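Remarks on the structure that follows.
Order of writing sets the labels: A, B, C and D. Residues in every chain begin at 1.
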Amino acid sequence: MPDAVLYPGSARAGSTPTFFWRNLALQSFVWLASLLIIGVFLWLLGDILWRGASRVDWEFLISVPKSAGRSGGIAPIIVSTVLILVVAIAVAFPLGLATAALLSEYARQGGAKVRGVGLSLDVLAGVPSIVFGLFGNAFFCVWMGLGFSILSGGLTLACMILPIVIRTAESGLRMVPDEWRLGAAALGVSRSTTIVRILIPAAAPALVAGLMLGIGRAMAETAALIFTSGYVDRMPRSVFDSGRAISVHIYDLTMNVAGGDPNAYGSALVLIALLIVINSAALWLANRALDRKPSRS
Amino acid sequence: MIREAALGLSFATLTLLAVTAFAAEEPSTAAPLSGQLTITGASTIAPLASEIGKRLEETNPDLRIDVQTGGSARGVADVRAGLAAIGLVSRNLKDDETDLTAFTIARDGVGIILNTDNPVSVLTDEQIVDIYLGKIANWKDVGGKDAPITVVNKAEGRSTLDLFTNYFKLKNSDIKASVVIGDNQQGIKTVAGNHNAIGYVSIGTAEFESEQGTPIKLLPLKGVAASVENVRNGTFSLARPLNLVVKAAPEGTVKSFIDFAQSKDVRDLVKEQFFVPLQ
Amino acid sequence: MVKTLSPNVRDRRLLWTLSLSAATAAGLLLLILIFLAKEAWPVLSTVGVTSFVMDSSWHPLEGTFGLTPMLAASVAMSALAILIAAPLGVALALFCRFYAMGPVARLFRWAVVLLAGIPSVVLGLWGLTTLVPLINDLRAPGTSLLAGSVVLALMILPTIALTTEAALTSVSQSYWTGASALGLSREAIILAVALPTARNSIAAGVLLASARALGETMAVLMVSGNVVQLPSSLFDPVRTLTANIALEMAYATGTHRASLFVSGLALTLLVLALAAAARRSGGQVVHA
Amino acid sequence: MNTPFVGDLVPDSKTGEAFTLGPLVTGPPCCEPVPKIRVESLSLSYGQNEVLRNISLDIYGGCITALIGPSGCGKTSLLSSINRLTDLVPGCQVQGRILREGGDIHAPGVDVHALRRDVGMIFQRPNPFPLSIRRNLALPLREHGLRNAREIDDRIERSLKDVGLWDEISDRLDAPAQALSGGQQQRLCIARALVLEPSVLLMDEPCSALDPISSAVVEDLVESLRGRYTVVIVTHNLAQARRIANYAAFFWVKDRAGTLVEFDHCKRLFESPRDERTAAYVSGARG
């Protein structure tokens, strides 16, 4: 009956059964879909766990790969992956944050130009990772002369996650209530101070969340890294060394190395565990940022 | 706080950069072999070359051998362009590649594989050609079950494909493939997961996988069993050399690496990667 | 250090810095496009665009460059993936927002974020060893448009679910209270208030997801069969533009390589069109 | 500049509806007979929407001026144009002049940050920054160039004492400001404005979001500021305006734009309004 208020055209008085079936259908669909998805997810995760768990122990994490990765561990792979991520974040985060601040705080003044930036970011977000790989190879490895290196890979990933970081940071900044902007302006506080001291700390959870998404995407990346950070599974000594990222390792083990599957699953398990760790760390950081006790800087 | 963290992070990276830049310019010491050697090319050989490199590094701590994967064509191109000192090429050099010199470090056979559920155990060369051309599309035509044939072919540019098409005098565009694959293991996984598939992969890995219980079997060619042994003694004809190629006469580190890769010291590594060591 | 600067100067400097960053970010796309075009030019200038559109097959070594079948495959696979993932993703978001109790919703949300982080290689591996044999039992060869779509759907589902949930959350609590005050059932509120209000954002999320689907490489390469042909059924093996690049790039030289860059360029332009469409639809996009 | 402001009401020559007013003859001793701020024929619009039309008004130094009238008649817009907060609103156009101690605040070369430092503003909803109490107060000080930590602490203490918060929260200055109660937050916001030692305070319904007790505390605080600061306060609480204001300006919507109907000594505006709309509004018959 009350639905008639919202569906004047479709509702007939006393047609409750219709709604009963409709409600039941929606309800069952939602439940079934959720259970299906979670089921597939558990299946996937269980599969990886079942096949990978026996491989993963402390030894696996701290030893070097042997026999093309069939045996041995993945220590250098983890180090390379982390270094690539560090480079990517160190570049993408400041750049992304600055761009996001421009888009959210100055968008009105920028007009068409800012809209152009927005559009190009949307496209950038959709550029296939393999294209980033091609670009990174030609631009960073060859043109800039960085060769196959962790630096090239990290910079390529930075390009790739930049739109994600920017868009999440932008929406985070936009969600900061205007009253703080007005309050700061009314005190004669400059825009730069407002952004740096008030808006960015206030948006910290969103910024961290965006960064997490970026890291997740970057960690899982294969296509862009084969052509940039390379294939060398030795412990890197610097970011100028070539280093094999964990997803490249997984790909090589499954597609190119006979008998590599067990270690591939082990590595996949480690990768997922790393993602969980990073995710929880980010959540913790975000919460801490919210109710932190600021020092008298 | 986030800002500080970001600053810290950037600073750490910069420091890292500075330190490593310094480290990279460190003069080499008096060890027998030093410096960096870049090797690129065939994904088939890359794991082997990588292992050989590691073993050579063990005795020469200042030597760094970086192996990058790709394809034979990339090995050739990178050596020509000077991007790599040594290229990995998993086939004989072509007529237009005479500017390069090849050093064979191992041999590899390519064998036809079927799923173990497939009752067919022998195919003639003509039957294989007809299957790949789509003239035979059902296993019952060659004595098997009544089931459509899944033809697994390699992607364009792979040297395994070159070898296969040359041997059977096929033109790639005439092949009616149902699945096109990239690397070797994808072929094995595809055939293992499909009762009616036919594919061709590296014999050594196929033997290994078969021993491990993967449901695939190798077919003999012209009556010769596809085995590592028959590749070694030369009776199995669908085989190829695994080559290191260089532009100029090798010297210094390059020569040492090539010599080492051809020596007895790495036989166990060659076998470990399921290739056939040189006689 | 800052002390000597007046707020105005500081603001001007900040604006300058921010603009520079934004210009870098925006310039990146231009750089990529220029680079793609540059690498693609040798073959575009000699062979011409028409053969890429008109040629019926892809054998660059033999002089045929037809991209149309792969373009069709890319579009079909993404569209199918959206068709699978959109209802499921929206349902999952509704579940987390309106049906599940606190901890359960959190658990589901956490699972979705985790699913978003599973590397495409792992999904591809799972697809190749688990999904493809299942489909093969239905109809050979198993590696098919369908397998690719299902794996893609799994990959983009988190994006759709998270965007939708964000949009539903932003549908203000007051609507909820107001609608409940009218005595509406939960389903009526969802259908009549929540979903219509969040419609634009959901649409934007779906468009974003389709861009991702179009760009996915490794998983697709592993499960979709990679045969260059116009798909005529769900069970046909197909090759997408991205898989084409990944399969052949490392092995390609000369004209072959340049024609792969044409693939990349075509793909990027397709995404450009999608992004423009997403802009027009205008919702707030959450990247996930 | 030559608008007469000595004597009683003088109808504006153009509309006959805007007024200027002479100095307070019988006001409290704190009120100086000098206009601190003079609004001259101010019109304001957001894009196509005209919000204020032809407002002229003098605000006297050291006095409390209340702006009253129904919602949507542009009182807040007038308030934010005095410290040029309207600059932040896209598409906002201001015509006419606002003179602060004789100088046009819209003149080129006017430092808007310095203007806002001297003209503090309190908002309807308390808006302490998501920082600690101390940082809320230190931020504007640092921003305006104060670097000496002891001086900063001194001034924080002084302004917190001014608003009567010192005794309540001096032991938890590093606690998040948003943990304070609503009334405390609003007083903190007033302290945050006072810490910059402004001469003018603009208050946009500072008590309306507070409970009655906090509201009374803040009202007493506002009253205590009389004489030291020039206060312009927007309020919907007529009794409050009557209690604390020296002057009152009554706004009404005419042709969808806010206009100033009557400006007078507070007592006179409430007790013997000249305009019948004012009379109806203050008596509670309308609005």
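One rule holds in what follows: a contact is a pair of C-beta atoms (placed from the backbone, for glycine too) under 8 Å apart; a residue touches a chain by one contact, two chains touch by 3 or more.
Keep in mind the model is a prediction, meaning the values are calculated, not measured.
A comparison of C-alpha centroids places A closest to the centre of the full protein. Of all chain pairs, the one linked by the most C-beta contacts is A-C. The distance from the centre of subunit A to the centre of subunit C, with each centre set as the mean of the Cα atoms, comes to 14 Å. Look at where the CA atoms of subunit A average out and do the same for subunit B: the two points lie 33 Å apart. Averaged C-alpha coordinates give centres for subunit A and subunit D that are 47 Å from one another.
If you average the CA atoms of subunit C and of subunit D, the two centres end up 52 Å from each other.
Shared contact sites, meaning residues of subunit C that touch two or more other chains, fall at 7-8, 222, 246, 250.
Along subunit A, residues 94, 188-190, 193, 201, 226, 254-255, 294 each make contact with two or more other chains.
In subunit D, the positions touching at least two other chains are 113, 143.
Interface residues of subunit A facing subunit B in the complex, by the touch rule stated above, are 67-69, 86-87, 89-90, 93-94, 97, 147-148, 151, 196, 200-201, 204, 207-208, 226, 230-234, 237-242, 252, 254-260, 289, 292, 294. Contact residues on subunit B toward subunit A in their complex (touch as defined above): 1-3, 6, 9-10, 12-13, 16-17, 19-21, 23-24, 38, 43-44, 46-48, 50-51, 54, 57, 64, 66-69, 182-186, 188-189, 202, 204-205, 208-209, 212, 272-274.
Listed in rising order, the residues of subunit B touching subunit C in the complex are 43, 69-74, 76-77, 147-148, 150, 155-158, 171-173, 177-182, 186, 189-190, 193-197.
Contacts from subunit D toward subunit A in the complex involve residues 83, 85, 88, 90, 112-117, 120-121, 123, 125, 127-132, 134-135, 138-140, 143-144, 149, 174-176, 189, 192-193, 196, 202.
Against subunit D, the residues of subunit A that register as touching in their complex are 108, 177, 179-190, 193, 197-198, 201-202, 291, 293-296.
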